[in-house]
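When the chains are written out, they are named A, B, C and D in that same order, and each has its own residue count from 1.
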Amino acid sequence: MKRRYSSHHAWRRAQSIDELAWMARRRLPAFAWEYVHGGSEDEITLHDNRRAFAAWGWQPRTLVDVEQRDSRTRLLGAPAELPLAIAPTGYNGMLWRDGDIALARAAASRGIPFTLSTVSCASLETLADAVPEARLWFQLYVLDDEAVRNDMLERAKRVGVDTLMVTTDTVVLGRREWDSRSYLNPRRLALPYLVDAALHPQWAYRALWPQGLPTLGNLMKYLPKEQQSAGSAAGYINQRMTRRLTWEVLADIRQRWPGKLLIKGILNAEDALEAKRIGADGVVVTNHGGRQLDGAPATLDALPEVVDAVGESMHVLLDSGIRRGSDIAKAVALGAEGVLCGRATLYGLALGGEAGAAHAIDLLKEQLHNLMAQLGRPTLEQIDRTCLRRAPYAATR
Amino acid sequence: MKRRYSSHHAWRRAQSIDELAWMARRRLPAFAWEYVHGGSEDEITLHDNRRAFAAWGWQPRTLVDVEQRDSRTRLLGAPAELPLAIAPTGYNGMLWRDGDIALARAAASRGIPFTLSTVSCASLETLADAVPEARLWFQLYVLDDEAVRNDMLERAKRVGVDTLMVTTDTVVLGRREWDSRSYLNPRRLALPYLVDAALHPQWAYRALWPQGLPTLGNLMKYLPKEQQSAGSAAGYINQRMTRRLTWEVLADIRQRWPGKLLIKGILNAEDALEAKRIGADGVVVTNHGGRQLDGAPATLDALPEVVDAVGESMHVLLDSGIRRGSDIAKAVALGAEGVLCGRATLYGLALGGEAGAAHAIDLLKEQLHNLMAQLGRPTLEQIDRTCLRRAPYAATR
Amino acid sequence: MKRRYSSHHAWRRAQSIDELAWMARRRLPAFAWEYVHGGSEDEITLHDNRRAFAAWGWQPRTLVDVEQRDSRTRLLGAPAELPLAIAPTGYNGMLWRDGDIALARAAASRGIPFTLSTVSCASLETLADAVPEARLWFQLYVLDDEAVRNDMLERAKRVGVDTLMVTTDTVVLGRREWDSRSYLNPRRLALPYLVDAALHPQWAYRALWPQGLPTLGNLMKYLPKEQQSAGSAAGYINQRMTRRLTWEVLADIRQRWPGKLLIKGILNAEDALEAKRIGADGVVVTNHGGRQLDGAPATLDALPEVVDAVGESMHVLLDSGIRRGSDIAKAVALGAEGVLCGRATLYGLALGGEAGAAHAIDLLKEQLHNLMAQLGRPTLEQIDRTCLRRAPYAATR
Amino acid sequence: MKRRYSSHHAWRRAQSIDELAWMARRRLPAFAWEYVHGGSEDEITLHDNRRAFAAWGWQPRTLVDVEQRDSRTRLLGAPAELPLAIAPTGYNGMLWRDGDIALARAAASRGIPFTLSTVSCASLETLADAVPEARLWFQLYVLDDEAVRNDMLERAKRVGVDTLMVTTDTVVLGRREWDSRSYLNPRRLALPYLVDAALHPQWAYRALWPQGLPTLGNLMKYLPKEQQSAGSAAGYINQRMTRRLTWEVLADIRQRWPGKLLIKGILNAEDALEAKRIGADGVVVTNHGGRQLDGAPATLDALPEVVDAVGESMHVLLDSGIRRGSDIAKAVALGAEGVLCGRATLYGLALGGEAGAAHAIDLLKEQLHNLMAQLGRPTLEQIDRTCLRRAPYAATR
């Protein structure tokens, strides 16, 4: 009898994020799975993100009192139950009806922040209304229309967003070639993918019923009438993404935004120092989950250089590749204040909505606590570079 | 005609421990195999234990008189036929009726020590009665009830245990996720595993007949009436394992225990020096067979640092990953006094009881003797670091 | 639903050169595919060419204005839309009727040079007549008959070739053992390959109809009557290839050729300096696409040494292994003026003739432009060694 | 259509030794294939021998006159057409009736030496009679009976052996576990292997008809009557192999043997210097084809150290792992006078007797000549360390 994950319906018994991913792959139609899971071009960076975590092993101490394990910390100045926030991901409604709201509720129930994407299905207002208990962060894509940009900032202020995260690595979209292969043209699924979608009734019921395909709620008011379907809107937005995004634009946003400001898209010390210069509060070390520049460094590899440059004076978060509690701990050990996870909670969302996403967070937390006990470091402050060792090379593959 | 191991009934013709493992996998129901063979989380450390052995090659000398090969040595001050002892493993009765006794007899017949686990099926008293010829070591899990702990020490003294081995790396249980997947809850096998078990009548006959599932004999007297089944007992024990296990507790045990004392759970020089400070006689360099902290160093990688720190003044044993006679020799070359093997003899036990375990020991011995001849070093004293060379990296995978 | 490339008829939707290759493999009979795709002996160098590209990752900068991306450059002193030229490949007519002409038209339509091979199907004169808009380069194999060699130079001058590329790494043919396995003898396909060819009617229609197997048009006038079939001609040419090809011969050619002169077959600084000494204008760093010396260095590995030696004073082009826009950029970052691509456009040619080859060029261009935007370097001048980082070793496999 | 080797009957069209191996595997019964092809224990050294060749790439020069390629050299003071000799291998008659004679004739026809094994099927006298044109070397296993040893030396002198090769790495037999799995006991094939043998009539006809299993002709006169079958003899010999083989014994043999003396079994400088001290003429760097100590160094890795120690004053040959002409050249580049090949010619022998073995030699020669041309080094003297470069690590797997 071979090792086998259980049925993809039994997500409550999943023991790891990888198992949730396996289940989600079976639950979702291929085009949606590809959209969530895939990377750009040859997916070198996608896989390198994981390799970078495997490249570190632990150096445990024994015979330490670990009766009390505590993973509480502060993120961007406010308390969080874990050094973890939900990353902004677009079009969550394709995985589960009102997916943004489900994710936000899961985050709130577990005491961590949730980041709403510019290309979310729920608008800022809807989300804030539906989940008043959320600690709400907002991710901004900068379009070429300044009025739209400023209006989004105003709306974010109005609904009580405490942290603004400006994404800078998406001025042109990465070549997600496998994703493109699902479509005959940007708005039309190729036949085999349509058939495949039809064969996933559970997904269709959870995600599409009764309203059909969700729209990009957050942007609806800026879209021309004839481009309000999600497919059209995505193309429209991509077209209007400014390619003239520079540090001057960010400095201007800094002036207009009174809350915390994070720059998401930093992979080296030079850019981190620029972020500090324009007055940002922090940076997110990210390669967009391996979905933009293929060949970009793994985020865990880039982290130490950024921490060394600005770690004393700025909040440094790490994004991309988190699949285990030990990954969170490795980022913390190398100087991150915390991490963002995107796919991990999306897998849970696709399987069980709010409860599924919460299960994903619970797995990460349990794994982190287990690690802290076994490492002989029961608090996050004790987890630093001395706990790590370079894994022998052969062990990283 | 492809290379193929023979039928899993012909274990007496098995040529290697890997072949025994292959056979045992077919003999055992999946849940039992998983329990014996698996590791924690992504099993990185489990595999790294083997990689670390592969990372060393030999540097033979030729034209040496090797008519007399001699693998006799002293372990913890007393003679042994091989630098090998049987590691403590829990619940051996699940593999073979009265498995502890069978293992102890195999060890005694081959002139090596046997270690009884705290969570054994046979109690200390039963074992000592049944195998008076055994050189008996006892492994202690420290529970939060001091009276229980002290009582176990008393019992061990009474039955003539010469060496006490205190395990320190299990204050919380490692996440053996694949093991958990066998169960709906800690006491109930999932249906496919039940069916699979029913399809292994040979195992059922050997392990379960006529008494049914064995109990944790060693702990029976401390268990509440309603928790004396093995499943319940395991949960109960895990819950009562103290998370406040510190060097002070070990110092206290040192005071109470007049015999040899080994600390099992050491992976670096700092902790080895602590062990020396509290007066332990030796340490076992172990990562619990890759079943506790995933990402912990391979034991062969950790060994030299421990030997350099305390090798002159303490007994240093290596545990985890022994599959060949050459593995024993590599540990000895790097300074270990000897090694423990857990799974290797369990595979033999599962196939042939005492005779099967003895066959596993015989294989290791034959391989060790063959190596000594080919290496041009017919005694163990001659096997030192000069016999080793780093394997070219590509050869370690 | 597994990731799968679409039908091999839908080449216009191919997203990458690898996808085109997959499609071409299905379109072509096995012997033709092998001829185009294979390498020599164990194909170590063939694969190493790709590994060398994977060994470099990118170091992007963010928040740079990339509204204008520009990949225009100068090759051998004249403008080109991309730092790319079509490499000389023999017997293109086997893939598509009048394949040389189709390739030359595709190159001209995309603003890049096309190199005609000595062993082309179209003669220099036919090609120049059919594609007057082409920027025409000519590749010379040096035969042992000096009169033939000089006549070819005269003809090249006459039709307006601006650059002569002399191949120096083919004085004996590499052992393309898999290619040889297609044939019972140099002129006769083995039966399974004949049957396989018969099962590819689309190919037969595009390549063979109505004239049948093409001949080596360029050499026809030098061939004995009875050796004018392609099979005979290839054997004849191979036999007459001079093994006495030395720098003196090249110096003589330099005297006779008034245009630009490139030496194709350079893999180190010493030979590059020799090329400079005899007055060549440039060198092509190549290992003949892994088809000659198996074990020769990957071209991207050899490039920096050549650039350091002669990069200031000569044109340095890189050949072999280009499959992505980012590969072009890596060569440019390491100092190449541009690259040659052979197989990439041949895959397109085999699928769609001129349009297919043009699609291959378009893919490379799109990928290059996308990369420039994501890298924050919108012009080729900005792409230098500071944009690169060594990929962690594990990521190169 | 996938790449596939052709039918295993068409060995005359085989393009490489690997292809011959593939064919031989199909021609031979499994037990015989295993005996020829397998290694000891986990076959780490077996594979490492090949990895070590892959670890070197070439550094070619271009535009060199290579009209004349010449691979002639001197081995142990006498001319040879190639830097290659046939290694001693036991029981060749199991592959082809009178296999020793066929190999010796192939070697003689190609101008290279042939080494007869102590455990050959043809006796020294038979071989010398049958192939008077052979340059005959003789390999000696030292048994514990001095009279036998001295008699073998006398016989070797009498038949005109010019070089004696004493094997020192086989005082105990390596654990060739897969080989052992073919047998129920040393003399009896397990049933599936018997059936498999019966299914290879072509082999049976070529090897067994009409005399049946061959005997160990060379040793027949020393064997007790009841142990003259090959199976019994092998066991008897293995038992009588002296484990007291020391440098003193070798010094004694040196005294008694007037011809050239090679010590086969050297893997480091210390032992090479001992060989020089006792007056040997040369050494063979070997690990017995990966069949003895598993974990021993690859021979190409061990070669430079031996060459540096005694290369000026002794003949140094390399054994184990030769599969291509380029492997021969790599050994020569690193200082070997020549190489031995065992399996390569055995594959040919198993397929076509003398003609098959000759085809294997021809392949190696053709590949070597092709390499010399492409490398721009048309003579062996020019092939030195400057022609080599370390292959990038990823390329060695």
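We adopt the following convention: contacts are C-beta pairs under 8 Å (C-beta built on N, C-alpha and C of every residue); 3 or more make two chains touch, one makes a residue touch a chain.
Since this is a predicted model, take the numbers as computed values, not measurements.
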item: Any chain in contact with chain A as well as chain C; value: none
item: Copies chain D and chain C - interface residue numbers shared by over half, same or different; value: different
item: Between chain B and its twin chain D, rotation from the CA superposition, multiple of 5 degrees; value: 90
item: CA centroid of chain A to CA centroid of chain B, Å; value: 42
item: Geometric centre distance via CA averages, chain D-chain A, whole Å; value: 60
item: Multi-partner residues of chain A (each touching 2 or more other chains); value: 393, 397
item: Chains grouped in pairs wherever the two touch, ordered by label; value: A-B, A-C, B-D, C-D
item: Chain D contact footprint on chain B (complex, rising order); value: 1, 3, 5-6, 13, 15-16, 19, 54, 56-67, 324, 326, 366-367, 370-371, 373-375, 389, 391-395, 397
item: Chain C residues within the chain D interface of the complex; value: 29-30, 34, 41-42, 44-45, 47-48, 51-52, 55, 168-169, 171-172, 174-175, 177-178, 180-181, 184, 190, 192-193, 196, 243-247, 249-250, 265-268, 270-271, 274, 292-298, 301, 393, 396-397
